[in-house]
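You will see two complexes here that share chain A, one where it goes with chain B and one where it goes with chain C.
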Partner chain A sequence: MASAEEIVEAYAAWRDRCNANERLRRMLRGWDRVVHLEATDTGDRFTVTVHEQTVGELAADAVGAPDLVVTATSEDFADLFWGDLNPSEKYMSGEIVLAGSQEDVMRLDALSMVAFLDQ
Partner chain B sequence: MTQPAAAHRGATLRRAMGLRTTVSTSTGLAFAALEYLAAAGLVAYVAGDSAWIAVGTAGLLALMAWGFFGELNGMFPTAAAIRLYMKRAMDDRAALTITFTYMSTIVLVIAADAFIVGSAIAHMFGQASWSAALWIVVLLGLAVVSNLRGIRVAGSVQDLATYTVLVATAVIAGAAVLRSHHALRFPLTPLHGHSAGDFVEAVALGVFLYSAFEWVTTNAEEVRRPEHVHRGMLIAVGLLFCVCALVTMAMSHVLTHHQLTSAFPQLFLGRSAFGRAGMWAMAAVTALTALNTFNGGFITASRFIYATAREGSLPRQLALLNDRAVPWVPVVGLGVLSAAVAVVVAVSHSWQVLVATGAGLEAMIYAVAAWCVLRLRSRMPDQHRPFSMWGARVLGVAGLVVFGLLAVTASVSVSNRFDPVPLVVIAVAGGLSAFYVLRVLPGIRAAEAARRASVPRRRPPRSSPPGDPGASRPIEAGTQ
Partner chain C sequence: MANGQLQRDVVVVGAGYAGLTAARRLHRQGLEVTVLEARSRVGGRVWSEPLPSGVMIDHGGQWIGPGQDHLQALADELGGRTFPTFTTGEAVEIRSGARNTYTGLIPTSDPTAAAEGVEAIFDLDLAAQDVPLDAPWTAPGAAVLDEQTLGSWLSEHVKNSAARSMIDAAVKGIFGTEASEMSLLFALFYLHSGGGLMNLARTTGGAQERRFEGGAQQFASSMAAELGERVRLSSPVEALEHGEGDVVVRVADTSGTTVHARRAVVALPPMVARRLRWTPALPTMRDQLMMRAPMGAVTKVHAVYETPFWRDDGLNGQLVADEGSVRVSFDDSPSDGSRGILLAFVAGDECRRLDGLPEHDRRRAVVDDLVRAFGPRAAGPIELVEQRWCQEPFTGGGPVAVFSPGLLTGCGPALREPVGALHWAGTETATQWCGYIDGAISSGERAAAEVMAALAG
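Here is the complex of A and B:
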């Protein structure tokens, strides 16, 4: 299990990486969203906000009405934010569960892919 | 492992699909322009105006399919459901082969709609039939460009388009029957002058009239309430029965053989109902159906291909994104492939082959769904089933047999005569899929595994007590 601190640390590194990527910022144009993260094993909840092409700080607990809810284990969240896990693979195997529109799901995966693979 | 989309503990989604949009999505995906050609093709197999009986029988079978997809969707409420339930029900290579073969249905439907709309436009403007090929390229070009720009039809527009299509089609079909001033011919005796085999063919085509209603299960993650998916599909099947029964009856009642075998029987139906104005109305309705098909078909197929490529089951190039986060390679590929198929159909006048191929593929996937329900009842008996199909074991076996037979029947008959071309098309699609899965994919997966192994783990080692598995875990197969 990953602690909340580990997830916060991983997220901070991921957010810096995303916000420093010019192409990714272009891809976020017009995509202002609230994303809730729910860790199945620890019960920790977080909120990610994307506003004006910038990925915001990680807020503790579920804040506001979400556009997207991501449910996974704490380990998967930490690995995902470090870029050590392919979220699509976990999603296609049913280990990461999502609620939200297909377009938002795509964008979220794109964030992860472009940040680490720059495709 | 998976759970209903709306069962998360967090707040309700800000944007979620209600029942109305779920119904319109399910109905709209099924009611493509190809519906008119399938309806016209169906009436050749039954006596007089009795096609509604074949449509109703097919509706009962569609209800069985509804049960299968309802149960599977409840277990795996995700856009990736087809991968999840098939992977658990059978060998992954077989699952991937069937999935890729099934995806060719989307290409067929997009191609068919482009062809039908292109032909209708050319006819309405009095242009030569070859100009339909130009319209096909223009229409698919527009669809590709709008997809690449990330434009998608809003739910409310889709609702309006779908319900307009259904109401307009029903009104025109009803008016065509009423204004013919002729009594119905053999409305209750489909076998009059026909064999039982003909009726089976009619039912196989009838199943195709409902096909794709289940594609709404890919929206399971965005519905307001999980039960909206199976309720929406049920309502959609009911709506499709009402409209398709009316259309087939009207077509057999007022259209000539020449009109029924044309590429735009719906235009003649409109003319029978309201003259030239009715013809233009049906042309507009046909264009509206294409809006749903192009929107739903391109998005569903391209996103699925993207996710499968990201998963490592297709080449990585298929996951390339443009600056609007659209997987541009699958979108362009779908457009080119659909245009090629549509132009070939336009030039060869083989649209009934397209209908028969689609009918065969859809019956095949319904048989596969029956198999998955049966297997998962055995393999995952304790899995939570929010929607549990009544009599699943009996109906599962029945569905497997009936849909299997219908798949074979539909694949070897075109316009009421033996023709194995649809079977050959399906066999080629299946053969190419199997070749890719068995011979090409292992190499792609090996290269991907090697690439991932060369990427050092980014997550710093954890300073934790010995024995903690998270402290020094090896790189996982899922590494980016």
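Here is the complex of A and C:
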């Protein structure tokens, strides 16, 4: 189990890597979205906002109407943001669940995969 | 009328999923229908057959995935049961002579290559969304897209050779052809119609998600059973005379059967339809469309073993390779695991090359590739069944017709446009899931609706 504080810390490092990744920035064009994260075990919720090809800071709690909802264990969220876990593998195995339009789900899958592979 | 002379409301040419769907709809509307099928079986590119060991295999189309609502509705109506494609464990990647294993959608042994590959797939899928499914030739920049091939686009946008070979393997698996052979506009249309390359390449959550207990042909058989004697097998059509309100279809059988009808639904792959003798000659745009949309080249090989031994090694039977004859494989074992079956795809250049070799050499090539991927236990399959679609005269290749550069913008409007009393069906005419069973079904529904409207008017 990972605490909310650990997820926030891991996320900050992940966000910096994402925003420094030219490939990822290209892939974010035209994709302004609100993404909610829900930790199944702790019940912690967070909100990620993507705006103008930039990944924003992590907001505590679920803020605004989400385009996508990502559900996973707190441990998986922490591992994902530390860059230790390929989110696409976890999505394929059903351990990470993505809810949203099919297009947004596919895009988030591809984006998170590149963030992992290209770090 | 004389013996062998039939008078019908509608004649349907081809008893694949498209033709049978159209015929069944029209029959249920009270019309007199005859379906002419060249083969001694129905199903077209979908063909399930029990092996001597009793296990059912699919020689052709076999999967169902999310969003294939027409096939799902038919399966629900006719009582089909599905089971998930086996995906537990790691896939095998053969690249530059080395063997790696991986989990997930793509090989990650070279993360930079994988990232570049994902970006390219992503860019293709985004571009695909701008191609209107009902009229791809009206896409923004259609002429520029249609003068390129998918291969030329990949050469320009994917510099990493490992990323390119990964995408090439996926393209061979999906289209049964080389990226260099098809129009970029057609490729984008096709990807859009099936929810994107990422979707088409997937098992779980994608186009290869589930299979049917008893095989995928069963619903074609059920539809044919409902139509009864209206479906005439071993009745290859050789000629069609067509006018504004009538057609005469001649069958190359011993009794010289001729069907006179008010309308015809032609539910054949474009190149197969072009082999028929049309009187008068079809409009040039229609004829060119059929001439310049060749079938992909694909052979499906089922290698049957006593057990799915690769599962013991933590492998899921999936392969992606940049060399050899088999570039893509799947675990195609029955749901109860009573046998182990590896399904090997031999496509594009490899298919054409292997089809020129003697049977022994073809089988050797496939088994060698499976051994390299899955180890020495793959060396001794108890059965090895080849289905060489290029050697099927009534299909001419597979899985789908691919459009040459310039064809969609030059002749695309002829794709579904009726010619007098002639209506066109077949998965190539579908706007959604073109190339898939689902697209064949929806094309049959669309053609049936056209015929009903025409006869009502």
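Keep this in mind: the second predicted complex is superposed on the first by the 118 of 119 C-alpha atoms of A that agree within 3 Å, B and C clash if a C-alpha of one lies under 4 Å from a C-alpha of the other, contacts with A are read in each partner's own complex, and residues count from 1 in each chain.
Keep in mind that, in the parts below, contacts are C-beta pairs under 8 Å (C-beta built on N, C-alpha and C of every residue); 3 or more make two chains touch, one makes a residue touch a chain.
The shown structure was predicted, so the numbers you read here are calculated from the model rather than taken from an experiment.
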Q: State whether chain B and chain C clash or fit side by side on chain A once the two structures are superposed.
A: clash
Q. In the superposed model, does chain B or chain C contact more residues of chain A?
A. B
Q) After lining up the shared chain so the two structures overlap, which partner does A:V114 touch, if you call chain B first and chain C second: first, second, both or neither? A) both
Q) Can A:S101 be said to touch chain B (first), chain C (second), both, or neither? A) first
Q: Using the touch definition from the top, say if A:M27 reaches chain B (first), chain C (second), both or neither.
A: both
Q: Examine A:T54 and indicate which partner it touches, taking first as chain B and second as chain C; both and neither are also allowed.
A: neither
Q: Would you indicate which of the stretches 3-11, 381-389 or 399-407 belonging to chain B has clashing C-alpha atoms with chain C?
A: 399-407
Q | Touching both chain C and chain B, counted on chain A across the two superposed complexes | A | 23, 26-27, 86, 88-89, 91-94, 102-103, 106-107, 109-110, 113-114, 117
Q: Show which residues of chain C lie in contact with chain A when the two form their complex.
A: 66-67, 87, 103-106, 108, 111-112, 114-116, 118-119, 121-122, 125, 129, 195-196, 198-199, 202, 204-205
Q. In the complex formed with chain A, which residues of chain B make contact?
A. 1-3, 5-6, 8-15, 76, 78-80, 83-84, 87, 152, 218-219, 221-222, 299, 303, 306-308, 310-312, 316, 319-321, 323-325, 327, 457-459, 462, 470, 475-480
(Q) For a test of understanding, state which residues of chain A touch chain C in their complex under the given definition. (A) 23, 26-27, 86, 88-89, 91-94, 102-103, 106-107, 109-111, 113-114, 117-118
(Q) Which stretch or stretches of chain A touch chain B in the complex? (A) 1-2, 6, 10, 23, 26-27, 31, 34, 36, 38, 45, 62, 64-69, 71, 75, 78-79, 82-86, 88-95, 97-103, 105-107, 109-110, 112-114, 116-117, 119
